[in-house]
Every structure is written in structure tokens, then in C-alpha cells.
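Look at the two complexes coming up: chain A is in both, with chain B in one and chain C in the other.
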Partner chain A sequence: MYRQKYIFLLPGLLVLVAIILFPLLFTIRVSFSSWDVYNPGLNWIGGENYARLWEDARYWEALTRLSVLTVGTVLLQYTLGFALALLVWRDIAARRFFRVLFLVPMMTTPVVMSVIWRTIFHESLGPLNPILDAIGIGAQPWLSQAGHAFAAVMIVEVWQWTPFMFLLLLAGLLSLPNEPFLAARIDGAGPIRTFLSVTFPMMGAISVGAILIRLIEASKLMETVYVLTSGGPGTSTETTSYYIYIRGMRDFQIGYSASLSLTYLIVMSVALTLIAKALIRLMVKDRT
Partner chain B sequence: MAEIILENLAHAYAPGAPYALKPLHMTWRNGGTYALLGPSGCGKSTMLNIISGLLRPSEGRVLFDGQDVTALDTGKRNVAQVFQVPVIYKSMTVGENLGFPLVCRGASPQKIKARVETVAERLGLTQWLKRPANALTADMKQLVSLGRGLVREDVAAILLDEPLTVIDPQLKFDLRRILKEINEEFRVTMVLVTHDQTEALTFAEEIVVMNHGEVVQMGSPTELFERPATEHVGWFIGSPAMNFLPALREADRIVVPGTGLSVPVTGPLPQGELKIGFRPEHATLAPTGGHIEGRVARIWFEGSDEVIGIDRGAHRVKVRASGTSPARTGEPVTVSVPGDRLSVFVNGKRLSSG
Partner chain C sequence: MTTKTTLRGALLATSALMISAGLAAAQDYSKYGIKEDVPGACSFASIDAKDYSGRTLNIITHAIPVIGEPSALHAQQFQELTGATVNVVHVPFGDLFQRIMIPFQTGQQAYDVLFFASLWLGDFNPYLAEVPQAYQEVSGMQSVTPTYKGVATWNGKMLNYTMDGDRHYLKYRSDVFSNPEMQALFKEKTGRDLTVPATWEEYNEVAAVFNNMDWDGDGAPNFGTAEVTKRDDLMFSAFISRVAAYAKHPDVKGGFFFDLETMEPLVNTPGWVKGLEMFVAAQASMPPGGTSFGLGDEIFSFGGGQALMSYSWDDAFIQAMQEDSPIRNKVAAAPLPGATEVWNRTTGQWDKFDTPNTAPYVTWGWSSAVASASENQDMAFDYLCFFGNEANTLADLQIGRFGVNPYREAHFDPAFYETELGWDVNTATTYTDTLKAIDGGKNQVFDLRVPGVGEFMSSLAAGVARAQSGEATAQEALDGVAAEWKAIVDRIGVDRVREAYANVVALEDK
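Our next item is the complex of A and B:
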């Protein structure tokens, strides 16, 4: 009966196979080969790539750096986004204007914005250093020193993606019922206590959602690094995806970069799952 | 615990806008139970929010025990409010919820613990104290909301904003009983906002009937039932509603033409439409010899009583009779009403002498 129903499933299934299943399986197969620019082809070298990866300090450094960058930027984005959302949540003058204004960075193209930021950070031509000079902080070697370059990448990421947090958290705030706030006023709670006991707990679920979406996105961080610092100075701002890009697309070590990608996928899936569980336990209180 | 005086109070949501609450003056006794009764949008919640301080009245003053609290912030007024939707702080346990108002007021941990235990004991929540408040059922959450009010010993009044609407019918009954007991035990002024007349009539000593932002009548359940100030009250209170029949003045009597209903009047009457009203409970059926003749159109039950709808021309008269009456649908019947049970309404307002 109704055997034709499978025909209707076919297009979706084909797309799934073509863009997810086949590339994944093919990558697994390639990661066990020594496919590179000299010897293209699917030979079998066993776990050699994985043994090499285990010893590859640059890869693990990039992964650690990415973790710090991801967690750091997402926490900053969350804090800033929440603060901005709280600011325009209640009745303030021109709140519609501010709500739109705060979203502008998100609507711009990341690569274009990175180019603009590279100009801003430029040590002799950019506008930032003269301003810092003028207010007495002094010019900073933004893109030529490891710590500063790392900070620069973080600033751009936070600038670009705080609006996303702001948007989700504002939507969350606007959907909250009014009664708990009235009750807190009647019970005599001040603004800080109201935030800690009423607003924040009620925002738990949406906060976890917003943080996870941003963590997943941020763990793929690549274009900002590519445009702003090209991983430099040295490898001090190199993230995992950028390193895989160098190995695969610049050095054409296809087999090796396949093993890097797979390891990256597995590490990220496990880490994000664990983080998600921890966040839910920590922040979502309305499970009965 | 306090006596609440609403002094020349009125409220409009914007300057120049029509009154959401028309000017009124009212005194609420310390420890009394009051109900604000009226259809949706009649201004009862506005009035409640003015008392709790969530809303600042555009005119007049609110006095608690003679002290002007109009400009005082909600938290400083020491009122408690229970909302239609049960409000609990979901990140806290039941105990922490109950203690929250005291924590906000900086009470000592020992005092908080003692008060929370007393209140929990009274409300039967002791076994739940350590449980997350979010795991409770709706009616227990309402008890927690109520408990947050009781935990403050000096609470001036407990305001209840349709707190029984989302509660299951059987539990509603229990909760109403608990509210009454608490009122008697703690002698705390309680104000219930409701659109359910049964709820108002069973809970309150005094009922404030509101309509279109105006206080139509304030009085005990018996007063509202026996002597409704307006046609609206007669219609709104009682089930089924009061009967109204168009009337005329004939010399020194007001009569309903074609019936034996008549009320003596002396002196001049205000100009306007005349009606005679009576309660279905006060009318009785007789096969012949009653005041009104008609035909039984419909019979239905309300509790153990029977309500008989009788058509007389364009008007339907309802009679409430206990038990089963001999009336049959379609048969002619007569209705008699004692003369002292008749009220005269001019332009919708009750004539005090009638």
C-alpha cells in the first residue's frame, strides 16, 4: 500500500546523501590514505595520519586556542548582549531605534567587517592608535604581537556577534510574563535581587539555547582570522579550522587534513554535548 | 493590618482620557473581607493595582490607617497580592519562596525560618518546604503565593486578583475555605477581585459591584440581593437574573399594565423609563389567581431547584421553585409576587422608597 510514498522521500534523501553522508564517509576513507599533491589517490596507509596528528603540537595548540577564544568571546557576547537587551527591554526613549541599531553589526558581511577592522587596527594608518594616544593609553602593536592580535580577534568576534545574543535574549525578555515582576515588587525586591531571583532564572532556557548556538558557530571560527591576522603573528591566532585550511588547501595534504577534520568534528561534538548538558543542569531550573 | 480609605480616588490612563475608574470614596474596615465584582474591563483590576501601588492614581489619595501611601512604592506599602496566574520564583524551593519577602526586607535568618515554618504549617506546605516550588500543582502554587503575603506579620492587606480562575473546581472550594479561615485567624483585610458572583457572595462580607469604571453599589450579599441599587446589579447578581417588567404610573400607583403588579408611590417621580423588578426566588406559581398570566416556555434545573421560564407577550418572567413544580411546558400558569418584594426602577436606578 502507498509504496509511492518513498518516491516523495527520495529528493530529500538524495540531497542528504550528496551533501552530508557521502562527504563524511569519503573523508573517513581519505583520512586513511596518503593523498597529497605528489601522490593523489586512495591508497591505504592505516592509522599513520592519526599517529602524526597525535604528535602535531601545532594542531593541539590551535584547538586549545580555539577553545579559549570560543568560550571567552561567547561569554563576553552573552554578558554584553544581555546587558543591552535589558537596557532596551523596558520603556526607554527611542527604544525601537536602539533595537535596530544594535543589530547592525550582525547584518554586515563578516569578511568585509574584518577588512574594516584590519584597517582600524592598522598600527600606523588606522584610526585606533591615534585615539588611544590622545587619551593617554598609547599606541598598541595590535596585529604584530601575539597577545594583542589575539585580543583583536576577540574584539572583532564580540563586536560582530553580540547583536545575535542581544536579539535572542531580547526576544526572551519580551516573552516573559509580567506577574513575577509585579510579585517581586510587592515582595519588596530591589532591581538587583529582581534580576537574580526573577529575570535570570526565567531566562535560563533561552540563555542555554543562545549560548549553544553561538558556541557551535564560534567553534568554526575562520574568516575573521583569515582576513585579520592570517593566523599570525607566527601561529598565535591560528584556529583549528584555519590550520586545517592551511594543511588541506595550501599544502594539499588531503589525506592528513581529512584526519584533522574528523578529529576536530569528534572533539567538538563531544565537547559541545558535554557543555550543553552542564549548562542545562546549571541554568534551566524549570524542569519539574 | 489596616483600614483602607480610598479618598476621592479616580484614575485615567492618560491625561484627558476617559476615566478607567470614576471618582469614588470608600472606607474598608480593618480585617474585613471585600469583593470587587464586575464584568471584564469594569475597572476592578485598576482599583486593585492602585491599592497595591502598582498604579499611581491620577486623582485622590489612598490611606492605610490614616497614613497617606499614594506616593509610596509597592514594596513599602506592605500589601500582598495573589495573581490570577500562580506566581512562584521557579529557581527557589517552596521554603525560599515563602521567605523571599522577609529576605528582601533584611530579616534575620532565624526569624525567617520561624515565620516560614509557621506559615507553611498553617497552609499545609510543611512537607514541601525543601522541594522546588516549580514542581507544585497550580493550587499549591497559589497557596505559596498567599503564603508569601502571610509571612509578613505586619501585612496591611491581602489583595486577590481572580486567584481561583485557573484552579480546578473542587480545589477552588478548598482554597476559598482556607482564605476565609486565614481571614478569621489573622484578621487581615482581604480584597478579592472576581467576575464570578458565587465566589464574591460566598467569600466577602461586603461586595463592591462595578460597571464601566464606576462603583454601582457596595453592600452585603443580602443587601445586593434584596435591594439592588440598579438594574445592572439586579441583573448581574442572582441566578437567574432579576425579572424586570415595563411599568406605568397610574395616579398614586406604579403598575405593570395587564398584570396585578402594583407599587404605591407618593410624591413626584424622576422623569424616565419605569420598571418593576422582582427576584425569581420571591415569585411563586399558582394555577390561577396570580398577578401575572403566561405560558410555560421552558423549565430547567439549577441545583435542586427548578427554574421556570414563563412567556407573557414579549417578556419572559423566571420563577425559581424548590423541588419539582407541577408546571408543564406549554401550559398556562399564573405567577404571584408579594407586594413587599417588588422594586421600582426609574431609568435603571432603584427607587429607594419602592
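Our next item is the complex of A and C:
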């Protein structure tokens, strides 16, 4: 009789297989083929793509660069997002207006915003350099020097995704119980002490969740790089996703790009699992 | 009945209908934006006489406006004239290759008509229908220059339906070059007369002298040169323009990118390295951000009056010649600069030339074709024939954003640009003289049209970008490219690449 329950599970399982497992299994199969512009189809070449990948310095450099970019931008987003959330958590004038305003960047299309930012950073025609000139900082080679281009990508990412952090952390702050804050006040704790001893620890779980979600998203960084710098100058802003895009879509090395994608998936899964464990240990006191 | 016979029959029927259409010549097609219909098998009248009601034509093309806009415009006209249903799919450039290739490889009949970059012919040729002889004999196709017929041909078969002609050439501010004050300034700084650069050394020198100074008197600084330098944004074409004069020796046959015999890459030979060094050196004379200029930036930098010189396709020149342009009729065209020392890979030495060696670079160019698996080849070729008819082409040439550039003998007549577009004599003459010189020039260089051209060019652009950013010297960067090219050739198969590359070498060594 209880076997009938499997029949009811079947539609859901079929959908799961169709939209998650099949593409993944197909990608695994493709990664063992030499499918490219001149060898279409699923032949079998064993682990050749993976051996080639191992020696592909540009791929590993892109992965290292991505790690720096991801950790750097997410930390900045967390810090700024937390600060903004704290700002509008309490009663301030025009609180509702600011809450909506802070969300605007997140609601814009990444590609379109990257185009806008590219125009802003444009060293001849963009508005940023004249402003910097006017205030005495001087024009900067935003997109033509490696360090500046890297910073430009980070600025756009932080600008676009800080609101996401803000949203999650504000929701967390609004859900905190009032009693610990009352107790802290009775004990004479000032704002900094209250933040360090009450607010921040109680926000541990939601902070870990927000950071992990953003790390996962940021590790797929592609549109901003594509539009803003095309991975340049040189390869200084080339991320893993952009490199896989070049190999897969531009060079049409379907088999090789599948192996790059799967390796990337494994590396990121392992890395993010380790980061999640470390963050939980550091930031969440009640781990039951 | 074979497809060929059907097509021939269709075209003969068209010719017959043309006569009746001619009788009804009172039909006015000017509402379609043309000056007047030009009689012929592909004319408005001939196409109007056809009935494709109940049939559907699927077209894939580039995003609007470049090529995407004219292909959609003529699709709409074709639909109105023939009763066919015409679906046009616009795809951004970065996705166009794979959106065409995947249906080909998986055996889907997704599109009848395809618009794509002509250098992809090395990849797409197995999937394309040969242009039927009858269409090769229409008047519009007969006047296509031999250069662009060659670009459309693969292994002796015409697979691309020619509808655009592209090449790289030099553009410069004629008002500055003819200004006595500027001439005196240049003489004072260099000790020689200011002339249109005949070599890349002269180009860099002129660019350096006129860099970061207000030579047009508008209060804002101007710069020496605007070039396409952004990786993955057609920079490889700009780089090859820089290299060709140093590395394409007029007396050495058998390959510019590879030695056709051995299939050894030549990209790290001294001629190529010299070209890259000159490309990198010119960065000092570019506008702020010029080292990451994409094609759009280059167009607006030169076309907007910021830079003294530039070289690439027609776009920047046409931009400068727009009616509302502040530098309209202040620009002129010339062939790409040359080199007085050319690397001879046979002797392994630099050969000196009294008259600078030039190597006209016929690069890129949009093209069109019909899928061999299409069940609507008759209608598809009629559409392309209509797209490229004389009336439509003359109208399209006048709209810069369409991306349709001269490719027929008639397009090299300066009178057309003077009367129809209002260009002054000097601008029109230098423009058409330059195009003619490239079209009929010796020692031409063509794109590397072999399977996997995207991979080869992507590798080249990445290497050049490393040298531009200072990550590597020119020699180191190109050594890296050569190693990658060897690996690509090994993966594809030496014979396969050689067979394809022989088509390119045949065009260059003709």
C-alpha cells in the first residue's frame, strides 16, 4: 500500500531529473568528448580534456583572480550592507524612502548597468575623470591599467550587490527580539558594546547565509567583466566564467569548456563548503 | 527535379515576368526608400511578380543596426512583395557564431538564410548551399569585384552571397595635414615635411607629434591615433593591419599566418614581432583609455574629431562624414602605411625596400548564405538576390549604421558620393581611390579562414593584449601564441587546416 506514495512522487522526480540531473549528466558526458567546431558530436576521448585543463595556466590564473575578486567584493558588500541596514533599522527620517533607494541598484539589469558604468569609467568621454580632476585627485586610467580595471570591476560589483546584503541583513535585524537590547541598555552598554556583544552575535546565522549566497553568486561573475573590460587589460580581469565563455561560445570548444565548467563546479563546491563550515564556527554561537 | 533545376526554372520564370513587370513600369517602388528600381532578375518589379504566399522564410542575422537593420528592412519588403512570411531573428555578435553552428551540427533546419562574418566560411562551408549559377550571373553579382568574389568562394564554389565589402585603410584629418601652421610645427619637431604616413614608423611619429594638443582649436586636447585595442573586440584585425607590411613579403609565397608546407605558425617571426612592438609603442599617442578602445570607441574617437588618425573599417570614416558631423569633409582616406624593411622568412633576413612595402588587408566583411538543408532555397536565394539588388544596395550604402560597404565596381565611383552624399571632391576621391587600390592591390592579406578561426584569433588577441599591458614582451607574447596555434593545429589535424588554409593562400598568391 505504501508503495503508492512513490507514484505520487514520480511527477516531481521526473521534473527534477529533467531540469537538474539531465543537463548535469549531459555536461559530464560532453566533457569526455572532443566536441568542437570541427568534431561535432559525442565521441569518447577519455580524460584528455581534463589533462589539458591541468596544464591550462590561464584557467588557474583566472580561478585565483576570481577568488580574490569574490572574497574582496563580498566582504565589502557585507560591511556596507550591514552599515546601511543598521542605518535604516532604527527610526530615522524618510526611512521608507531610503530602504527603497538602497535597493535600486540590485533591481537593475547587470548588463545594462555595466554598460552605464563603462561609460562612467570611460577615460576620454566619461564623467568620472573630469569630476576627479575637479576635486584635485586627477584622471585615472580606469580601464587601461590592470590595477584600476580590477578596482573598477570590484566597484561595479559592490555597487550592484550591496543592496542584496542590505535586504537580507535588514530583514535579520527586524526579526531580532527586543529583550537582549533592553537588557544591554539596563546593564549600561553603549552603542558599540551593544553592537559587538548583542547585535552582531545574534546576526551570525543570517550573516553566514547572506555571505554564502553572495559568494555563490559572485563566483559566477561574468557580465560585468564581459561588458566592462573583456577580461583586460591583458588578462588582468579575466574570471573563470568569462574564460569558460570564451572557450565555449567564442572558440566553440564545447567538450573542453564542459570539462572546465565541471572542474570549476567541483572546486567551488569544495571551497564554499569549507568556507561555510569556517564561517559557522566563527559567527554562529548556537550551532545546534 | 533537382534543386538546381528548380532554381534555374524559377529564375527564367522571373526573367519572363520581368518583361511583363517592365511593361508595367509605372509601378512606383520609391515608397521603399530607393531612388528608382533598377531592372533585373532581382529588382523590385521582378520580386513583386513572385508569389510565395503560404511559405515561410527564416533568417538569422546580427543585432540592429549593423546588418541587422537592412536584413530586417529588406525582409519586410520581401514579405510585402511576395506574400511570404519572413521571420528575422536578431542575435548579438558574441552569440551569432554558436547560434548558427549548433543547429548545423545537430542537424536542425533552424534557418534558411544566414548573415555572418565572412571569415567564418572556413567553419560553415560544409553546411552551405552553393549559390546557383543563375544567381551568379545576375547583373548585381557580375559587377562584384574579383576580390570579394574570392572572399565568397570556397574550394572553387561560391558559397557566400556577397552583400558587403570590408577592408582596413588609413583615415586622417585632411584639414590638419594641409594646415600650414601644423606643417611648420611638424617640420620644426621632426625636420621633415608633414605627409600622409607611408610607413608605420611615420604613422607613429606623426601621432606622437600631434598627441595631447589642441590642433583643432576647440579648447579640448586632441590625440594622435585611435585604434581598436580592446581584446575580444576585433582587436586582432587592427593588429594584423599593423603587422602585414612587415611580415607579408611580396616575393615570398605560401602563407602569411602559417608556412603552408610545414604548417608552422609564423606569428612569432620577426616581422610579426616588429608589428606588435609598433602597436604597443603607439599606445603613448592614444587618447585617455585608448588602450582599451573597442571598435565603437575607435569610431567615435576619430569620427567625433578627437584623434588625428585611425585605421580600420569604413565606420569611423562614415561617422566623420555624417551630415551633422563637425569634421564633415575634413577627413581623407589612404591605404594602410607600409614598411621599408620586410622580414623574408625564406632567407631569414630583413629585406630593404626603397618604396615602402604595402600589404592591403581585406578583413572581415559581412556575408550571407543559404543553408544547404533549407527546403526553401529558391525563396532564400531570391531574398538575398533582392537584398543585394542595385537599388537596395545604393540606398543601403548611404546609411552608415547599416554596415553595408562598397563591393561592386560601381561603388568605387567618386561621383556617387559627391552627388548622393554631398562629399567634397577630395574626400570622395581619396576614399574611392583607396578602396580601388586595396581591391586591385598586390600582396593582399586575407583573414585566416580555417576551421576554428575563432580559437586562433582569440589566442592571438590574448597574446597581443599581454604585450599591450606589459605582462610580456612582444616576442614572449607571440611565442606563447605560436605554441597555442601549434596545439590547435595538432588538435584539428595538420592536413585539415592545411587544406582549408590553402584557400586563403590561393587568394593571397594569385
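We take it that the second predicted complex is superposed on the first by the 275 of 288 C-alpha atoms of A that agree within 3 Å, B and C clash if a C-alpha of one lies under 4 Å from a C-alpha of the other, contacts with A are read in each partner's own complex, and residues count from 1 in each chain.
Quick note on the criterion: a residue touches a chain if its C-beta (ideal position, glycine included) is under 8 Å from a C-beta of that chain, and two chains touch if they have at least 3 such contacts.
Since the model is a prediction, treat every value here as computed from it, not as a measurement.
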Original post:
Superposed on chain A, are chain B and chain C clashing or fitting side by side?
Top reply: fit
**OP:** State whether A:Ala189 touches chain B only (first), chain C only (second), both chains, or neither.
**Re:** first
Subject >> First, second, both or neither for A:Met202, with chain B first and chain C second >> reply: first
Original post:
Who does A:Gln253 touch here: chain B (first), chain C (second), both, or neither?
Top reply: second
**OP:** Check whether chain B or chain C contacts more residues of chain A in the superposed model.
**Re:** C
**OP:** Answer with first, second, both or neither: which of chain B and chain C does A:Pro180 touch in the superposed model?
**Re:** first
Subject >> Touched partner set for A:Gly136, first chain B, second chain C, both or neither >> reply: neither
**OP:** Could you tell me if A:Asp36 is touching chain B, chain C, both of them or neither one (first, second, both, neither)?
**Re:** second
**OP:** Once the two structures sit on chain A together, report how near the CA atoms of chain B get to those of chain C, whole Å.
**Re:** 49
Subject >> Doubly contacted chain A residues - partners chain C and chain B >> reply: none
Original post:
Once bound in the complex, which stretches of chain B touch chain A?
Top reply: 52, 54, 73-76, 79-81, 83-85, 87, 89-92, 100-101, 104-105, 132, 134-135, 145, 148
Subject >> Residues of chain C defined as touching chain A within the complex >> reply: 94-95, 97-98, 101, 105-106, 123, 230-233, 287-292, 294, 297, 300-301, 306, 451-452, 454-455, 458, 462, 465-466, 468-471, 491-493, 496
Subject >> Contact footprint of chain C on chain A as seen in their complex >> reply: 34, 36-38, 40-41, 58, 122-125, 129, 139, 141-144, 146, 149, 226, 229-236, 246, 249-253
**OP:** Going by the contact rule at the top, pick out the chain A residues touching chain B in the complex.
**Re:** 177, 179-180, 182-190, 193, 197-198, 200-202, 204, 285-288
